[in-house]
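Order of writing sets the labels: A, B, C and D. Residues in every chain begin at 1.
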Amino acid sequence: MSVTTDVAGTVRALRAQVAELHGELTRWRLVAWTAGNVSARVPGRDLMVIKPSGVSYDELCAEAMVVCDLDGRLVEGAHAPSSDTAAHAYVYRHLPQVGGVVHTHSTYATAWAARREPIPCVLTMVADEFGGEVPVGPFALIGDDSIGRGIVETLRASRSRAVLMANHGPFTVGPDPRAAVKAAVLLEDVARTVHIARQGGSPVPIASEHVDALFDRYQNVYGQPTRPISRSDA
Amino acid sequence: MSVTTDVAGTVRALRAQVAELHGELTRWRLVAWTAGNVSARVPGRDLMVIKPSGVSYDELCAEAMVVCDLDGRLVEGAHAPSSDTAAHAYVYRHLPQVGGVVHTHSTYATAWAARREPIPCVLTMVADEFGGEVPVGPFALIGDDSIGRGIVETLRASRSRAVLMANHGPFTVGPDPRAAVKAAVLLEDVARTVHIARQGGSPVPIASEHVDALFDRYQNVYGQPTRPISRSDA
Amino acid sequence: MSVTTDVAGTVRALRAQVAELHGELTRWRLVAWTAGNVSARVPGRDLMVIKPSGVSYDELCAEAMVVCDLDGRLVEGAHAPSSDTAAHAYVYRHLPQVGGVVHTHSTYATAWAARREPIPCVLTMVADEFGGEVPVGPFALIGDDSIGRGIVETLRASRSRAVLMANHGPFTVGPDPRAAVKAAVLLEDVARTVHIARQGGSPVPIASEHVDALFDRYQNVYGQPTRPISRSDA
Amino acid sequence: MSVTTDVAGTVRALRAQVAELHGELTRWRLVAWTAGNVSARVPGRDLMVIKPSGVSYDELCAEAMVVCDLDGRLVEGAHAPSSDTAAHAYVYRHLPQVGGVVHTHSTYATAWAARREPIPCVLTMVADEFGGEVPVGPFALIGDDSIGRGIVETLRASRSRAVLMANHGPFTVGPDPRAAVKAAVLLEDVARTVHIARQGGSPVPIASEHVDALFDRYQNVYGQPTRPISRSDA
């Protein structure tokens, strides 16, 4: 009984946090219309909190969020879950360290995805946050586990928190939903900056030992003590 | 009498909705100054609600909207109707399933229009919303039915909800005005993303069977049960 | 005495209008920091109202505006006039139909100016508002009449309301300050759209007879009954 | 005692100013998430006021700012100082005329930095504010004095207020923190405009004697009486 009460409180807090984090997607101009979603794992439970489908961002209050199990089935909520719920659920099932997932169609990240080209590590911010180039995932149709599987396999082969799904758009993960949103914001920022850098000529790569040094420092010193997510699930 | 009363209520509601939808045009940065307009068909009547000409977006309240017949003549309202009224009216006369029309000069869509080049289907979002490449309509001068005819002929030859009128800008349609505004927002989003993708190299096309699968699913599953508009008027 | 009172009222109204129009420069993102200014001629007087120098846009209330004579000397106001006052004053002295002048360093217009390249007329909006390509003025240093002379000579040789001063930025004019601000907003919009169009290939030019038809219609029908400004001063 | 009181008042005022100036970084879209920082020297003291590490911009009130000595050690404040504190401190130790330092990863300036390419002086605004091309500093890892030394050496060899640190991003300085923020805003503005100008062809350089004339006038006439900063520390 007290456990159930605890979970209810956790879910309530996560609903509020996930709703508020959708505001960051619009604030940083990562989404057009309703084309983006944030989810959070309910810690210790096979549950997740996610955006409902097709609801305007202006109406995304805590109450509108829905709770699903990790097969993507609706457990609690008045709306149908996001059409991307299956992909989020697959990530939570297969990457236990992930506590938050974000999907957008942010412009510059999606432009790299349309060419199926990784974002090269030519900025210290790319090294800091993504530990090297941002990888591309496979082309996958919505409707089964293809997208989720593509995300997980790509993240496992990299230390990046972000994957560019081919012809589709980026997914980012983090130990909690706020970290996943931060990764989505910084991903679009570096996707844009590197694109523009390359439009004007050839960006200079950062030597791989410097990439390692930057990534290690940022993950361990700059307030992010967790180990890289994609490697921690081997 | 009760019919008239019903229409008055419908018109009042549509005035409010059309006024509010102009706010979406500025919110998503689709218009400069007053260069864009939204209209709605009055269901079951040969009437439409449309933006007045040359009124600042800050003043676009429900009361400022005007009602025209489907020949573009003013029926009700204190202002002259938009200078694009003839084009909207032509669309309503010839595409009975269309309930809303939007015209903008949004930057990236208009850039494709200036080259008279369709937007290729290299993103899942293009397949979802437009069912394939976004087509180009003819160059047409304002002042007669040329623009309306160009829109209708181009939409009939495609399953797209958007047409890029040559050297001019995009028109989008939908079963209701909100859907037409959504199409305008997503059109600019994909016009921008595909442009940027191509600036950096060659986007990978999506196979046509995948385009069909995505379009069918999105139109039939993702909260949009209506059949494709441009084909339903044959 | 009553004349003086009338002028005081006119000046008071123009101060308020000019202050408010600076808000349009930031709203449409035409200026960085304080790098842009609007002025208005005081009708029937050799006076103008203009932005003070180096004052933050947040502080640009009606009271902060200054009044100068048409040699650019301060007549009324607590601040020094804009460092571009001499150029505005020269325009008013030599183009009597001009009632408002705007100067910005808006990004895309200034990029064309850096290449000293006119903006080609490949959009109906360019034909409507500018009547053809937007011309480039000479390189001129600040400090004497060089900038003003360059603006006036370039506008006289064109029917455009805008001139791109080489390596510097755009100036726009209008029969009143609001029309000059509208021209500045639409100039940046078409400068951006045509730039992007050309990045992706070759925009298709509009035939000159169509340019003429569009310009004539827009100037005479679409709520702008005044004759072209730059030609009216021959 | 009264001296201490005076310093306390100065620090309090600087905390408020530095907090407020971070609002300019977001207003002018120079930072993504928390990736930017402003600092101010405490005049006459070996102290500086700087942004805390990893705090959201929404929470950057005066109280959240921290005070460090010029070796970057925390003197007063509830949070750890910015991870860039060592670089700011190095600048204050070696450039006594500098009263404010700003670091961002603003998109266009960082794109030039990724190519290690200076921004050429093809706009009057570049000549006015930076006195010539904006120089590139060395690639330097965070963690010791490398970044600070790179900034100082590059600024000393130029009359620019801005340096583009290779693969990293810009640092700007000024006699006070507001001037450093202004330089950061104008730097991004010219980085963007010159990038776009060059995408469309070849910008025309400004003759060096004109660059000198513009810089001298702007620094001495346009409300900025202080001598160039980077030269004043020889």
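The rule is short, and it goes like this: a contact is a pair of C-beta atoms (placed from the backbone, for glycine too) under 8 Å apart; a residue touches a chain by one contact, two chains touch by 3 or more.
None of these values were measured; they are calculated from a predicted model.
Participant: Expressed in steps between touching chains, what is the minimal separation of subunit B and subunit D?
Facilitator: Graph distance in the chain contact network comes out at 2.
Participant: Have a look at where subunit B meets subunit C and say same if over half of the interface residue numbers show up on both copies, different if under half do.
Facilitator: Different, since most residue numbers here occur in only one copy.
Participant: Taking each chain's centre as the mean of its CA atoms, which one is farthest from the centre of subunit D?
Facilitator: Ranked by distance of C-alpha centres from subunit D, the top chain is B.
Participant: As a quick test, compute the distance in whole Å between the mean CA positions of subunit A and subunit D.
Facilitator: Each chain reduced to its C-alpha mean, subunit A and subunit D end up 32 Å apart.
Participant: Among the residues of subunit C, which ones contact at least 2 other chains?
Facilitator: In subunit C, the residues touching two or more other chains are 199.
Participant: Going by the touch rule stated at the top, which chains touch which?
Facilitator: A-B, A-D, B-C, C-D
Participant: Would you mind writing out the residues of subunit C in touch with subunit B in their complex?
Facilitator: Residue list for subunit C touching subunit B: 28, 122-125, 182, 185-186, 188-189, 192-194, 196-197, 199-204, 206, 210, 213-214, 217, 221-223.
Participant: Using the touch rule from the top, collect the residues of subunit C that touch subunit D in their complex.
Facilitator: Counting only subunit C, the residues touching subunit D are 32-33, 35, 53-54, 83, 105, 107-108, 110-112, 114-117, 139, 141-143, 166-169, 195, 198-199.
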